[in-house]
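Let me give you the structure first, and then I'll get to my questions.
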Amino acid sequence: MIRRVVPVAAGVFCLLLAAGFFLVLRGAVETGSGRDGPLLRDLFTTSSVDETGSVNVVTAILMDYRAFDTLGEATVIFTAVAVAAAILGKPRPTESQRTMGLLSRRLLSSVLPLFLLFPLFVIAHGHISPGGGFQGGVSLAVLVILIHVAFGDPFGQNVVPLRLLVMVEYGAALGLVAVGMLGIVQGASFLANLAAGFPSGTPGSLLSGGVIPVLNLLVGLKVAAGLSSLYIYLSGHEASRGDR
Amino acid sequence: MQNAAFVAAALVFAIGLHGMLTRRNMIRICISISVMESSLVMALVAVAYVPGGSAPIVSDGQTMFVDPLPHALALTAIVIGAGILAIALALTVAMYRHYGTTDVLAVFGKTREGQ
Amino acid sequence: MIPGGIEAGVFLVFAGLGTSLVVLLVAAGARGPAAAGAVHVAGGILAILAQDLMTLLIGWEVLTFSAFILIRDDGGRRHRGVALRYLITHVGAAVLYFAAMVVQVNETGSLAVQVLVPAAQPLMVLAVLIKTATIPLHTWLVRSYPSTDTLVTPLLSVFTTKVGVVTAARLLRFAPGGYPILALLGGVTAVVAVVYALQQHNARRLLAYHIVSQVGYMIAGIGLAAVETTPDAAAVTAGLFHLVTHTLYKALLLLVAAEAVRHAGHEDLTGMPGLRFRRPALLLCALVGALAISGAPFTSGHASKYLLKGVSQGSPVVNGLLTAASVGTGLSFIKFIYLIFFNRVDAAVGAAVTTGTTPAGGPPSIRDRAVILSILGTAAVTLFIGFFPGSVPGVPAGGYHALDASLGALAPLGVSAILWLLLRRRLTRQHHRPRRPRSTPMISVLTRLGRRMRVPARSLQELGPQIQIFMILAGFSALVLLILQVS
Amino acid sequence: MSHLPVLVVVVPIAGGFLISLVDLILPSVKKAAVLAVALSHGCVLVLAAFAALSYPPLMYVPGSWLPPVGIALRVDSFSALFLILLAVGHCGSVLFRLGSEGSRQWEGKTAALTALLFGALAGVVVTADLFNLFVFVELATVCTVGLISRKQRPDSSVAGFVYLMIAAVSGALLLFAVLLIYSATGTVSMSLVAERIHEVPAALHGVILGALVVSFGIKFGMVPFHVWQPRAYHAAGTTTAGVLSGFGMKVYLYALFRLLWGPLQAPLLLPEIFPVLQVLAMVTILVGHLMALLENNLIRMLALSSVAHGGYILLGLAAAGDVGADAAVAAALFHIAAHALMKSSLLWSAHHAISLARSSRIVDHHGVAREMPVVMAAFMVAALAIAGIPPTGGFFSKWLVALAQGSLLPVLVIALGTVISMGYYARYFVVVMAKRPPEPLRQVRSRSILSTAVVVVFAGVVAAAGVAQGPLQSLFVVMAGSLTGSGGLP
């Protein structure tokens, strides 16, 4: 009896909350649209190219206007990996050579270089086209995960050792902070871009936007390394008690 | 258009919350947490919507853009959600190793005895 | 800094008696209790010297915690419970004081020691009633004082309740609607505690009930200060003078009891070996103490009770209650003296109830000498105040030794003597298992409630995370609805 | 010097990265690295706090972008107190861990997570941007989960999972509130929101307020959202629990203060919320104390006492509902500072007792005080202070909170709370001061002077704070003024 009633009651409760969610949100948006005065989105879209050198306004916000948020979220990923490592212990690859079929492996090995190309493109063009460090980094992590899934954990660990991933992650994280400090060294403020005198280049070209491409690259590397090591921690078995 | 997106966000929120409240499998709870957070991301994106606006990548001839800030916030929120999801899954794996089950109530019962 | 008037007398008693009792502890070789006792004395002195409410509260707390250590020091399991209850009771009193202080400061903006504003009075009355062990809040006293070392009890008896009385004298004028409720409570306490005391066979528990009773006298006196027919100063002086005299003779009696217990090796009065004239000096001092507490003429107790009677002329109920209490007190102390000094105990029973320390024998030790010396000194001071009440600062001179006053004091004692002759057998019957006083109702209710709540409280925690999330969301919805309602 | 507001965040975060790196490549110098990070963070925090005290407020814009488009950081004398507390907490916890734990404990991620946690908490304190606040709160959540479940024990995983689920709800509510604020006002900068919030209809304002109160209520353990706390603290162990309860909880309370007075303008626009908060605070005090009284596990008891003390601070906040009620905010600040020191001192001295008795159950602590009198004396001083016995600092903070109340009922609740807390602390005293332990205690491991000194100094400072309460109170009033006086952010 109770087992039947509880989900239904919870469902009704959730739907009520959702209705409230909808009403409140619509009320908030109506309030906002009724408000006159300069809109923040116009501020961004009209001046971001001149101010940051990035054509992609979202990237401009992420990597320049609100780069401090990005540092925070990069730290969240870093911390998540550290916490997963602390909870799960040192991973050990499974003994069993579970791999995909031969055909898939052959196909993958010829397509993999292309797979590598795509994330790098996304990262490098983060400031001029849709995409950026996070998106590219996640794709890059998928690549590593794919290697593990297709060729088995031991092989994957050989190609991309965990230690390397971790080093890349730590290095990229420190690099982020270092780029931020560069702004201070240049006499502007933390994570300053053009204000610190970095060259803006021609907006729309690959080498433009001051430190934005650098930040994109660092964030991409960090996210890629972080997510793929997360996969390894989650998939690997714990070194059994006897080993300790 | 915007209202439809809000309704969708609200429904996804209800689904995630319902899963969080009623599921006993920890992996499903993790998924529910993730679904619930996606509903907020959907709402963020819907808030950014401007009728007739295009993606906020400045190029010639474009003057109407959707609001870029919520997009940036949504990206950040997604990454944070991913971090939290990763930890939740790691904890699930750890508990599965200890108890051999992913039933959250069973795990709770066992820790009560252990205390 | 040093207070004037009768409070100077209180200060002298606190400082003098407290110090000598600590010295006694040192002489007896009880180092740990002596240290805690010194802190205890310091707390009492701090309280009497306090010029603002905050310092007075600090004095209260110092007394509470040092007393906690003194009571707990024995370390037995039962004593731990007693000490714990003592502590909780007194912290309870202190927080009522705290609440009253908050109200007072909110209304007047000043921390000075003065009569509290009416809104703060009820809180402070409750605090003082706990502190002064007024019936039915007296159980902490009768449970804790008899359970300590015999030489620690006199020290404890000097301060805690008396500081409560001093606080009442300074801060309280509580007579809602013209009824002297505080005075009535004091009078009732004086009588009821005496009735309880008559049923006791444990030496120190009997004396503990008499502390409750005598403090009832003081509260009665101070409570009368709120009545319009009585001059404030006279009533407060009477109450505090009784404090001075009582503190001295109660310490004396407790020390006598300590000696008796040392001789008998146990505390059951009905099993005391009957010292008779083997210790004539002790007998004399005990008589001084017993006469003083009964209010016989030419003793200090008579002088203070005379003043109390004077101020209670206006309210016959209080006067009658105090007189009835005097009868009971006299009866009780005839029993006390009789059982310690003149009882012919059945040897077998005496041996059966003998436990604990070995009876005294051999040459007197430093401890014994020190105890004798303190007894003699306290008795001397009691006698001195009895003959020259006017020598205590702030006490009006004259009239104490007049014939009618003496006869008025002797009348209740005569009734006591008659009652003694009638009731002697019942009062001195041997009891092997005296009933222990029950716990304070408040605390037993709390503990019972706690045991009942433990299971649901824990199961709520262990029900699983989802219940908690549901509670959070339900709480959120409720909060939002509430805000929408009120706005 | 002008970069201090950002350095208080960047130094520990970079420090956390560095500690992880050092752990990987050069484990032998890890202790030195941890100590260096903690001390440098402490220095930066204290410098920032003093800079804010002398010429308030200190503004900083990372990337040189002013608030409509960028993120602003802001340190005023109100946040200065919290910066100092974080400095004390970071240095204190690292020194304590250095002294109390063997070298085995220095493997693993605890040190890095602690540094990152303090970075995140500092970020919550300095930020003047709502979304940035969300990011740092989530970072703090992730670090907290790591610290709770790092021990790889089953019950710590369970506690971590529970905390994570509840924190996910809390984070969702916070993000929801930020989303609503952004849609309604078109900005996430606190100062601009404060200017535009009056255009928002009262109902929407109420929802935002409710979401924020519940979100942070979960984090600092407001009843009935506190249920995760005892389990989490018990799993986290005393050292981490001291950090979380002593310093983490305070930062969430700070955020609530900041949001109510800053962007939400609650005292002006929605003063009806304060009586509601007052009731919640009273319930929190009573439930926290009563549950602590029923508890027979030392860490859980102290955790529930933290819940109750969150209630005292909330009571101060609720009393400050009138515009310009600086005295009430100052009282809450006094209690925040005092409780941070008292509770960390209690939990850290409990660490010694627990490692001696090999159990955190109270009944197993028979005779512990006779084995380590100094630590237990510190425990007792801190317990007297936390119960509110004069003349300690804990008493004066409660006294000021009580004075700020407009009615008698909260005062009586405060008073009753003191009795109950004295009850459970006295029960513990009685057990530890007992003569004979029923079973042999563990062979006493050499306790370093360092960890004892941390505990003793904290307890001593709280005890001495009662003597210096006059100047301290005026300092806190100045700090409170910078929160309420200007009506929030400039």
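Order as written gives the chain letters A, B, C and D; numbering starts at 1 within each chain.
As a working rule, contacts are C-beta pairs under 8 Å (C-beta built on N, C-alpha and C of every residue); 3 or more make two chains touch, one makes a residue touch a chain.
If you're wondering where the values come from, they're calculated on a predicted model, not measured in any experiment.
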More C-beta contacts across B-C or across A-D? A-D
Kindly work out which chain lies most centrally, taking the average of its C-alpha atoms as its position. D
Rounded to the nearest Å, the gap between Cα centres of chain B and chain C is 67
Averaging only over C-alpha atoms, locate the centres of chain A and chain D and give their separation in whole Å. 31
Mean-CA-position distance for chain C and chain A (Å): 73
Rounded to the nearest Å, the gap separating the Cα centres of chain C and chain D is 44
Shared interface positions of chain A, touching two or more other chains: 10, 13, 17, 21, 25, 29, 39-40, 44, 61, 66, 69, 72-73, 76, 79-80, 83, 87
Please set out, as single numbers or ranges, the residues of chain B touching at least two other chains. 17, 20-22, 43, 47, 69, 76, 80, 83-84, 87, 91, 94, 104, 108
Identify all positions of chain D at which a residue touches two or more other chains, and write them in rising order. 131, 135, 138, 142, 145-146, 149, 152, 157, 160-161, 165, 169, 176, 179, 182-183, 203, 207
Which category does the touching pattern between chains fall into here: line, ring, star, complete, or other? complete
Residue positions on chain B within touch of chain C in the complex are 17, 20-22, 104-105, 108, 112
What residues of chain C sit close enough to touch chain D in their complex? 54, 57-58, 61, 65, 68, 72, 75, 80, 83-84, 87-88, 91-92, 94-96, 98-99, 102-103, 105-106, 119, 450, 453-454, 457-458, 460-461, 465-466, 468-469, 471-473, 475-476, 479-480, 482-484, 486-487
Partner chain C, residues of chain D touching it in the complex: 161-162, 165-166, 169-170, 173, 202-203, 205-207, 209-211, 213-214, 218, 224-225, 227-228, 230-231, 270, 272-273, 275-276, 290-291, 293-294, 384, 387, 389-391, 399, 402-403, 405, 408, 411-412, 414-416, 418-419, 422-423, 426-427, 430, 433-435
Help me check something: in the complex, which residues belonging to chain B touch chain D? 20, 26, 29, 33, 36-37, 40, 43-44, 47, 69-70, 73, 76-77, 80, 83-84, 87-88, 91-92, 94-95, 98-99, 104, 107-108, 110-111, 114-115
The chain B residues in contact with chain A across the complex are 2-3, 6-7, 9-11, 13-15, 17-18, 21-22, 43, 47-48, 50, 55-59, 65-69, 71-72, 75-76, 79-80, 82-84, 86-87, 89-91, 93-94, 97
